[in-house]
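Each of the two complexes below includes chain A, the first together with chain B, the second together with chain C.
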Partner chain A sequence: MMTLAQLGSDVSWMAIAPELVLALGAALVLLIDVQFKPKTGGSLAWTTGFVLAAAFGFALAQWLRLADIPISERFPFGRMVIVDGTGLLARFVLLVVTGLAVATGWRLFERLGRRRAEALALILLSAAGFQLMAVSVHLVMMFMGLEVGSIALYVLAGITRERADSDEAAMKYFLLGSVASAVFIYGVALTFAGTGSLNILEQNQFLTQNILLAPGVLLVGLALCIIGLTFKVSAAPFHAWAPDVYQGAPAGLVGYMAAAAKVGAFIALWRLVDLGFPTMRASWAPVVAGIAALSMVVGAVLAAVQSDVRRMLAYSGVAHAGFILTGLLSGIDGIRGVWFYLAVYTLQLVGAFGVVAAVTGASTSRSAISDFAGLGRRQPVLAVVFSTLLLGMAGLPLTSGFIAKFGVFQDAWQAGFEWLVIVAVLASVIAFFFYLRVIVTMFMEEPSGDDHASVGVVARWVLALVAIVTVVLGILPAPLLELAGDAVAR
Partner chain B sequence: MIETILFFVLAATSLAGAITVIAARNPVHSAMGLLGTLFSLAVIYVVNLAHLVAAVQVIVYAGAVMTLFLFVIMLIGVDKAEERDETLPYQRQLVIGLAVITCGLAIALATGSGFRWTPAAPAAAQAPNGTIENVAEPLFGEWLLAFEATALLLTIAAAGAIALAYFRRGAPEEVAE
Partner chain C sequence: MLTSLIVVPAVAALIVALVPSRRSELHLPLGFGLSVIPLAIAGVLFFEFETGSAAMQFTEHVPWYEPWGIAWSLGVDGISLGMIVLTTILIPISLAASTHIDQRVKEFVVFTLLLEAGLIGTFLATDLFLFFVFFEAVLVPMYFIIGIWGSERRIYAAVKFFLYTAFGSAFMLAAIIALGLIHASQTGAPSFELADLMSLEFSGSQERWLFAAFAIAFAIKVPLFPVHTWLPDAHVEAPTAGSVLLAGVMLKLGTYGLLRFNLGLFPQASVDFIPLMATLAVIGIVYGAIVAIVQPDLKKLVAYSSVSHLGFIVLGTFALTSAGLQGAVIQNINHGLTTGALFLLVGMLYERRHTKKIAEFGGLAKVMPIFAGVFLFTTFASIGLPGLNGFVGEFLVLIGTYPTLQVFAIIAASGVIFAAVYLLWAYERVFTGEPDREENKVLSDLSGREIAVLAPLVVLMVVLGLYPKILLDRTAASTEAVLDRIEAVTDYEVPEPGRLADVFVVAESEEGE
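Our next item is the complex of A and B:
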């Protein structure tokens, strides 16, 4: 019989302090709204900022004393979560992305009126969910994190529900996302049936100690898990929801929705395949490589024919999911490249959608490329920022996107996936075309119709900062690369 | 052997119920199909010796959740053109007759010589399957964090429901910028 003291022995609140802060912060935002009924969002903005900063502080404190944490304290809560550099880096990226999204999409929150408290709380909770997902080494915990993060995103997609297309986006995201979650949890059940454990590390231990003569159930389970997670990162052929959702959801939130889900799901996928099933590499590597190749080709080709900037960004996101998956193929060592790519790409994504929100309105759906015509003359700062971010996504040398792509391609090449790297390079070339098309529209075409573009002071500075970071990391990638390498080493 | 047979029968009924949920035209029939699925799953749990989970399944899902579903369906309004005539002849008489026979059998069993109320098993040192301790220990020990994470889900559900359903007026207007 377990006593209470034993039950509490591996409860480590410090290990999940950032998530606790976010959850409490969400409650605080809701309570402030109920109690004081603020007319403007100022107090809520400050609260949200403070909560994010506090969560970041806790993550940073843990990072600084990470080397001193003994191995016995690395797996608190009955080995459900892990205290490691990768998990902390996931928190850093997610918290920064959340802060950027709130800052650049603030005009949406102003428009939401009394609903802004709920929207902010949902953003904080979904960040907490994806953080839990990224630190979990237990498949059920991973699923819980996935659900907490995703369900909040479903609501956020439909938060401007008076618009039919926002409703449609939310409904589509909810239904398809639920199916993907069901597929994932069914896969989890089958891996449990195959290994007798739900813990990723114990599954790995089981597989290194035993040779399975008929691993059919396990293979099906692993395949279903991979499908569930690649759905969340919108990799082809599980990407069909992404363009509709990105187009229908309010512009101020799309960047966050895309970026947060990608960070959580990619790190979970890495933990699953590279920590849990490295012994079955020969089975899953071709599948992941196939998904990666398909994503890159489908994403790049379909992005090139879109006339809506958001659909274009959605399909380019499919291609980027493929690029990141190539990094996962090189095993534990690949995580450094994956990290650099994820950090850089999510920043660019949030920044790019921030610009879209500024140009076509923060709560609108649809943003035709023609709306961007002549932006270079109307809003030179925005146009330059957007061009920088798009070139970064395209992977132009001297931007961070180039270093990121180079890193994952190099890893994949060394892991023996030369054909995949060739496909990836070809896809990158196609990608250049559609990114350039938007830039050409912005600078070469005459403005059509009225000037809708407007951007707040904070958002302007934040967007400029993201663009500057994109260039600086392209010229001096060493600090972030070291950080990512550090995360793996720890 | 009996488990295998039970599994296939129950799997078939739960699938049939699930198909009814999506195929039935009348929402009440869908709800009943769901009920069938939930009950079949409950029996599968019993077969797997998870008695408490089975009881929870019946009480929470088949009981509370289904009642809520039916409430919502009734409030929204069932299809008005629904057939009110009883298509099966003599079904009332049949049901009453069956009920009388069932009650008679029960009384005969209870009063008959061969039946006695015996306490199940003497209190054993080992707690039997599915007692409160056996559920609580893993729930608040090994599974504590996952359990706590459901609190986040409930908060999201509450905040999301309010954000989506409560503020109908005062909607965000995309003013012409």
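Our next item is the complex of A and C:
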């Protein structure tokens, strides 16, 4: 048995190749813009697509030879980064989500004019940040990833700066996000005080080898870390920013903002609590369960009273954060369910905001439910896609959302949180109510006012594809679940 | 074979969906034609079915995702066979009765065919996960059928319908998860296969909780008092085809589930819960009937009569005697036929007069004699006139209930009388006397198409009334097996002469004398 200190401290560019590609890609996008001053976005779109595909390729290459990578090379850069299946799966999700977000929100990028290069570069950078967050096993590294990802998102929230509400959203997001980051880094400092290390694995080692007689400082530190991360995933009671930001930020970007932060922060949270502090499970599990229960109830109840689709999706995102936290409680066995949930939910989320952007305009900030009245007649394809995505988020059987919910509920029940599962299934019923309300509006009410809905050819196909994937994964989830199962094994 | 019963309607829905919307005259005939295929398959199934065997037949099993123990697992036995045939009969009839639908015809046909696939899947599934998938999935097409093609308060009714049922099934989902994990802890691997789960051992309170979770889901679906309030709304607002399928098949998911899963999986808890379930059933019988008497709206009257009739089915189920269970299974079919026919008739009347208020009518028998005749005939079948199908089911339930739940049987018998009151009184007000309103004097009688729609139901009412053996032969072994298991697992003994064997012994000894 090798000790942690003996494990690789060398540099391995391959381990972070996807992030390097994204960062270089961001620079490339800016350079192309400066050098060639393209009038249309075509060249930038192709560049972005190519960068994302290359990053995906690197991640895939690593995945395929993952079994051959010896344990000694699994922790490069002085044990700051981990090479494992979970991290690679998080990258797959993030890269796919980024690609989808750019494709479905392309209307916005067209409208941004010369600022589109900035926006694309920021998206690529933030994706790199959240990916780093998902593969870090060192708390400072994790913080770096968090900040790189978040700061890019703050700017993106205000990218349509001629609109006051966009600025307001960006400002709110920045102020509250900074507080959360500060809380997180303070928590990191306290866990360092408690264990003498910033590395999650070393902290675990320390705690298994030593018994802390007065773990107070460590517990406070862990609590602050959890609060910081649950803020990023918009779990209650740290969710207050989400509805305002989702509503104010340009519609074409909100899906990406919500999805990317969730993937990075959930994987990081899982690494923190289950890799770093499994010994203190008795202390954090009730807290996480409490946050999960509160999120599900608060999210579902508040979503039910919204009259704006984006605020509804924001609050439903709070509930979804609760569902995912439910899965986190079952430790290493839960990661399959959590990852599957993250993958299908973020996909649906980006798709849903793609539809919102198409219906109410990519740069606007109002998306009243009444704007969707009669969409079933005006734009049948969009309406069917949106309904499928909403039913998927609601967790109706035969959609991927049901499989995802079933997975995390099953894991949580097995972990002994039966009461949480009961809360969760009841919250799902409330969720049916508000998702159905939008579907009712689309199909059962007459169109009111003018038809602004417009969607590009690419976006239309991408959205249809997302809806089809939602149904196919609901009927044949085995391949993706097996993939996630493999990740745990590797 | 069984998979084809689910796949064919789904593919039919796809085919109809691919026909362009502007060719709206094609959708209904095409959907009708395609929906005859499942009927033919079900017919083959019915006659190929091996009588006297309690085992699941025509079984199919394909693992879905093995680490979770879920599987595409289908089978049919005496309890589900009749429901499958009934579903495949009512779907073409509902489509043929929907010519009045003039907008979004394509979507209507697609949703009806998808509903068929889901309903058949629910009855065929022998894996609890798969069952739940279908049980929830059927809500969506029915939700749209009510919500798009219903009358004024359709959206309210559709949402109420969806939420009530989803609320109930939430508890069932938790219980299903628990069952799979209990199986994993007792045998090492999770499984949701009904046969596997039957071998589990529960602690007393565990079993009662699980029973309760399933019972809530099914009680809402049936619906039992006091969770029945969604039903009148849904029925009144739904289009005719929606009402027919809702009453004819969807409510039976509840009674079927109680029999299949509650009795099958939790024998001890079923015995413990007899007083509660029987009480709720009897309240439903009497309450439904009394409320039906005072309804001013014909469709609402039929809706409340469903609450009453379904109470009989639940009572028969929890009587835990041979006759009671047989009666419950048979009554599932009978109620589908008679109430289906009543909703069709009310729908036809509504198409002509655009009202369902009883007070608006009077003397229609003079204007539409054939219509009145069919209505009266169906009324008799529903009341339970000997010789027609309703009699067989309700009589079996009552004689099955008497040995074990004497008082309940006596009270429930009053429901038969009330049924005569509300249906015949309604008939009197609508059809007898002189037509006093001008609008009513010009109503046309049944068209050839309408007669063709109703004819199969009327024929089946007579056939099942005179020769119920065709059905009883197929159900007996399965219902006996349910009782055998309850007697084997629990201390409960069916009192004489509750079992089929008792009855036959008595009959033989009488012959001997």
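As a working rule, the second predicted complex is superposed on the first by the 481 of 490 C-alpha atoms of A that agree within 3 Å, B and C clash if a C-alpha of one lies under 4 Å from a C-alpha of the other, contacts with A are read in each partner's own complex, and residues count from 1 in each chain.
Everything below uses one rule, namely that a contact is a pair of C-beta atoms (placed from the backbone, for glycine too) under 8 Å apart; a residue touches a chain by one contact, two chains touch by 3 or more.
Not measured: the values here are computed from a predicted model.
Student: Which partner does A:140 reach: the first (chain B), the second (chain C), both, or neither?
Tutor: In the superposition, A:140 contacts chain B only.
Student: Please work out whether A:425 is in contact with chain B alone, chain C alone, both, or neither, and reply first, second, both or neither.
Tutor: second
Student: Please indicate which partner A:398 is in contact with in the superposed arrangement: first for chain B, second for chain C, both, or neither.
Tutor: In the superposed model, A:398 contacts chain C only, not chain B.
Student: Between chain B and chain C, whom does A:477 touch in the aligned arrangement: first, second, both, or neither?
Tutor: Once the two structures are laid over each other on A, A:477 reaches chain C alone.
Student: Looking only at contacts as defined up top, I'd like to know whether chain B or chain C touches more of chain A.
Tutor: The partner that reaches more residues of chain A in the superposed model: B.
Student: One more residue to check, A:160. First (chain B), second (chain C), both or neither?
Tutor: first
Student: Across the two complexes, find the residues of chain A that touch chain B and also touch chain C.
Tutor: Dual-contact residues (chain A): none.
Student: List the residues on chain C that touch chain A in their complex, please.
Tutor: Touch list, chain C to chain A: 64-65, 67-68, 129, 132-137, 139-140, 143-144, 147-148, 154-155, 158-159, 162-163, 166-167, 170-171, 173-174, 177-178, 180-181, 184.
Student: Touching residues of chain A toward chain C in the complex: what are they?
Tutor: That would be residues 391, 396-398, 402, 406-407, 409-410, 413-414, 418, 421-422, 425-426, 428-429, 432-433, 436-437, 440, 443-445, 477-478, 481-482, 485 of chain A.
Student: Using the touch definition up top, name the residues of chain A that touch chain B in the complex.
Tutor: 1-2, 6-7, 11, 16, 23, 26-27, 30, 77-78, 80-81, 108, 111-115, 118-119, 121-122, 125-126, 128-129, 132, 138, 140-141, 144-145, 147-148, 151-152, 154-155, 158-162, 361, 363-364, 452-454
Student: Over in the complex, which chain B residues touch chain A? Could you list them?
Tutor: 133, 137, 140-146, 149-153, 155-157, 159-160, 162-164, 167, 170-174, 177
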